[in-house]
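Each of the two complexes below includes chain A, the first together with chain B, the second together with chain C.
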Partner chain A sequence: MNIKKLGRLSTPYLVWLSMLVLVPLLMMIVLSFFRTRGVSFVNAAFTLENWSTRLIDRSVQVALMNSFQFAGTTAVIVFLVGYPMAYILARSSFANKFVILVLTIIPMWSNSLLRNNALRNLFLSQNIVNDLLSPLGISFAWNLTGTKLAVIIGLVLTYLPFMVLPVYTVLEKMDKSLLEASMDLGANKIRTFFKVTFPLSFKGVLTGFIMVFLPSFSGFAVPYILGKGTFVVVGSIIETSYNYNINFVSTLSIVLVAIIFLLIFTVSKVDKEGESFL
Partner chain B sequence: MMKSTFTRLSRQLTLFFRRPKVEKVVKVFSSIFKNAFFFLMMFLLYMPIIVIAIQSLNDSMNVNRFEGWTLRWYLEMFEDAELMVAISNTLVTAFLSTLIATVFGTMFAIGIHSLNKKARSRMVFLNQIPILNADVVTGLSLMLIFKVLMNVFPDIFVPFPANALFFRISVTVLLAHVYFSLPYVVLSVLPKLSEIDPNLYDAALDLGSKPFDAVMRVIVPAIKAGIFTGMLMAFTMSIDDFVITFFTSGGNFDNVSMFVYGKVGKLMTPSVYAYNTFLTLSVVVILVIAYVQSARKQKKLLLAHSTGK
Partner chain C sequence: MGRKLIDLKGITKLYDGEAVVDNIDLYVNENEFITLLGPSGCGKTTTLRMIGGFEKPDAGDIILNGVKVNDIPPYERPINTVFQRYALFPHLNVFDNIAFGLRNQKVPKEEIEERVTAALKLVSMPQYAYRKVTLLSGGQMQRIAIARAIVNRPKILLLDEPLAALDLKLRQNMQYELKEMQRKLGITFIYVTHDQEEALTMSDTIVVMNKGKIQQIGTPTGIYNEPKNRFVATFIGESNILTGTYVRPNVVSFMGVEFACVDTHFEPGETVDVVIRPEDLDLIDPEGARLTGIVTSSVFKGVHFELCAVVQDKEFIIHTYENRAVGTKVGLKVDAYEIHLMKVEQSEH
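After this line comes the complex of A and B, so read on.
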């Protein structure tokens, strides 16, 4: 068939991706073993300090802990909230599911930094909503800005759609006759959910988990905005020191890539067809 | 002994819930609970957007005090040079990168689809990397590449044209945006390609089309929906990007996200809230129009079918 000849159209993409994925990765690996001035190797000195003393430095450990804490808590909460949302949406008799689905996506078109900034303002003791509601006798002063809770709320609200969408997609595609079969065989609703529905939707949950965990693990804008800069995370170390210490920043990036790779590897073991990504 | 009491109790409990009246009450309450939960979550999801809208209508520079309604920030938006530059940078980058990513993404997707199975799955895997990689790592990687390219093109980080009044184009930021939006176009086009009959392309060639014409007239129309989805995703990703722009801008090119990041906790013109509210509203309006039109089309189709035309 002639269409096979079109395969060569993808060659430039292979070159482009390897140039921009593999070359920088190799550069980072090399850079992490040296002390250099920027990317120039003039007067470069071989060193292992990035991998030994720097990586176990107290501040780096705290940043890693904070990142894990934020991302882990966020992913769990998003799952606990997003799964029921997707489930209700998929099983609902709402007149038009599509419209409601779109409604969960619309917040993504609003600048995410600005949304978190709005939360920051809202969580101050003196805020605009409190001014509007106080004549009605409602107090809306939470004073959360600068706390871990505020950061987690920000992350949850930013990444919630990333869990709802993939879970909804699998639930919607699911063969409904399996549920009927389960009920016919005597399982009640709860048992059917745990034995049939949930295992079949697990792929969507994994996709959602990765799509939520990874950006909240590596991001630095939300912790900075809602934490008032009190919480150091891995991303913020990279952000503040990439200009003067590219070597240690490369080391941290490789650590991030390793964590991401490990997560995806685990998921690909569970999901062999690889169809759950988006 | 314990066990039998437990079984008896659980059986009684099950029977209790199977009573028609109880079943009805449970059903009503669970439906109320479900809807309440869903709408509460939707409300929380929209809370920041509502706050942004209120801030854009607040007649005060102080975002923490409400001092009456106004529309002036929607007009003053055009007078704030710094914000206007950020907005035009964002929009120009988003339009250009979406255009480039859509054209090349479609081309690459057609290429990938035509590969044999092994090569295809390898390309699909490579294609996932920019999507799944952390933004900081992607940003840093691209910055490293551009820093190396600086040896060949010393001005690569300098936006052009140098003395432009409004928008300038930063090659590094543009390339970075193309890099992270391409995979989304490829991902949305690929499933559409596997839906079309491969013989159609052969037929077009047999009838004398040149390969390029055959692709444009046979394949592209059939995957239009996928291209459109990919385009939409590319635009969404580009317009909202912060981290990758931050690392690849070289410090002299701000988009709206960077403008906001630089002003967190400081005095920021409420016009930026006006811009964002306007953008969100336009998206909603466009979606509503698209929805109404597609609904009308479907209705027409149904009518045509039922009258046998």
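After this line comes the complex of A and C, so read on.
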């Protein structure tokens, strides 16, 4: 089979891609410039208010700020926790690294809503662990629900594997002779880490950062459940406005897509060889 | 040759309880080009890695300049390594790769600039300073790897099969360049290879290893002309090895015939291994020859022909400039000084 024939195999994919991604995207762009009833264009009126007054509305600004804050903090914490995890795992001489890796992934198999609801229970002053321990005189009352900390803990626990996996992969396939070369040339273990190991694993970190940042930026379930609805995020505005103002929802979604594309574009600039996941 | 620089005393390294390096004793002098030669798995690379500090010996001492260095990590040893697959840092350009060691030593900026430029010149790649290392060819990467090591002015340079990945022509050129470089810099080179020709070309001293043990230490000519045992004789160059009996000083008997030889230090009646190099066998008229055989194959090798001749059911390899047709009867002659006798080792076979 020559390359042209092989290329034809991608046709179904291209059809689906355009139907499910491009067309809706174009719809969103069009909708964002009108005032309509749902997706019906009867009595549609052209307007720029979605892109002007509404977008700079205080609640939207706060939501964008909150989303940024949650996603940024989460990504940084996940990096600080996930990198050492991946590093220790990759360097350990433990025979069955795969088992440990699977253990970090297994929580992903249960529904994240369920997990976060369970977490919410733990953050209440009357939680299951406290009920069990209080007869022993041990208090396990946190009462974190509704705080930013609770939301961030939830996001970190949800997205940790997305950092551990790409970083682990990069570290695992790293040529060990490079580390020996570094030590041979007079760099001690710490210097070798900062001069060789970390720069060479940076692509994995970048991939992980994006894979954590994006869903925690656009998602609303975790802030909703663990924040008791105290914090508006972009996702929650989209969710609540969906039923009565699809036009502004389109605008917000386009903003999200734009931010996401900007991030990926930046990464592809840094990651020229395209060796990491994206 | 200079004074003793590094001394390995009774070094043993075990992997899963099996000795990869088995109680070896070896010393290296200053300014020496020493080669550890042996088949893969003979322990030569492990020995090198112990000198470099990447592995710790399970027994024995490594003494460098009179100081025991067993527990000193690689980054504190005055030793640099050229790795088999070069191990250049892909995230740094050529200049930064070479400057890596100097920066670790906190050498001033101007001096780094100077020394890196000099090192690039030495490996004849001055114009490549700001090239990405990933864009270099194998031969160029090799040169940069060498420059990166010698720029630190180590006392000892370890080279782990550095030419194995290069093609034949390039390999031969690099052999001369390396030897030349070693002479010019006055650094001790410890070189590991499985290529006997490479070892013979470059080394001052060759250490032949097999199964974790040193078989023989000597100069290239010494090892070639007077192999100590069957292993060395077959591993270095081609050999005809026969079993013979030492009759009395200067006389040995094999294939039912007595030959004059130059060895004198065996017991009369002792069984010995007799080594005759293929180029030392001369073809003569079968009439009156002490050994006669029938040519069974003839292969043209460029400079010489490689003949196989069967003499009393034993196959001989002969290198000769004159061809003989297959099936021809030939006589063989060998001079006394070209017959080399070796003690028979009990452990062999």
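We take it that the second predicted complex is superposed on the first by the 269 of 278 C-alpha atoms of A that agree within 3 Å, B and C clash if a C-alpha of one lies under 4 Å from a C-alpha of the other, contacts with A are read in each partner's own complex, and residues count from 1 in each chain.
Criterion: a residue touches a chain if its C-beta (ideal position, glycine included) is under 8 Å from a C-beta of that chain, and two chains touch if they have at least 3 such contacts.
Just so we're clear, the structure is a prediction, and the values are computed from it rather than from any experiment.
Placing chain B and chain C on a common chain A by superposition gives a fit, with no clash between them.
Once chain A of one complex is fitted onto chain A of the other, the partner contacts of A:S52 are absent, as it touches neither chain B nor chain C.
Counting the residues of chain A touched by each of chain B and chain C gives the higher count for B.
By the touch criterion stated above, A:R115 is placed in contact with chain B alone, chain C being left untouched. Look at A:E180: by the touch rule set out above, it reaches chain C but stays clear of chain B. By the touch criterion defined above, A:S139 lies against neither chain B nor chain C after alignment on the C-alpha atoms of chain A. Of the two partner chains, neither chain B nor chain C is touched by A:N43. Taking every C-alpha of chain B against every C-alpha of chain C after the fit on chain A, the minimum distance is 8 Å. Common to the chain B and chain C interfaces on chain A are residues 188. Within the complex formed with chain C, the residues of chain A that make contact are 175, 177-178, 180-188, 191, 195-196, 199-200. Those residues of chain B lying in contact with chain A across their complex are 14, 34-35, 37-38, 41-42, 44-49, 51-52, 54-55, 58, 63-66, 104, 107-108, 110-116, 119, 121, 123-137, 140-145, 147-148, 179, 182, 186-187, 198-199, 201-202, 205, 211, 215, 236, 239-240, 242-243, 246-247, 256-257, 260-261, 264-265, 272-273, 276, 279-280, 283-284, 287, 291. Chain A meets chain B in the complex at residues 1-14, 16-21, 23-25, 27-28, 38-39, 81, 84-85, 88-89, 98-99, 102-104, 106-122, 124, 126-129, 131-132, 157, 160-161, 188, 210, 214-215, 217-221, 224-225, 228, 234-235, 238-239, 242, 246, 249-250, 253, 256-257, 260, 264, 274, 277-278.
Chain C makes touch with chain A in their complex at residues 52-54, 73-76, 79-81, 83-85, 87-91, 100-101, 104-105, 148-149, 152.
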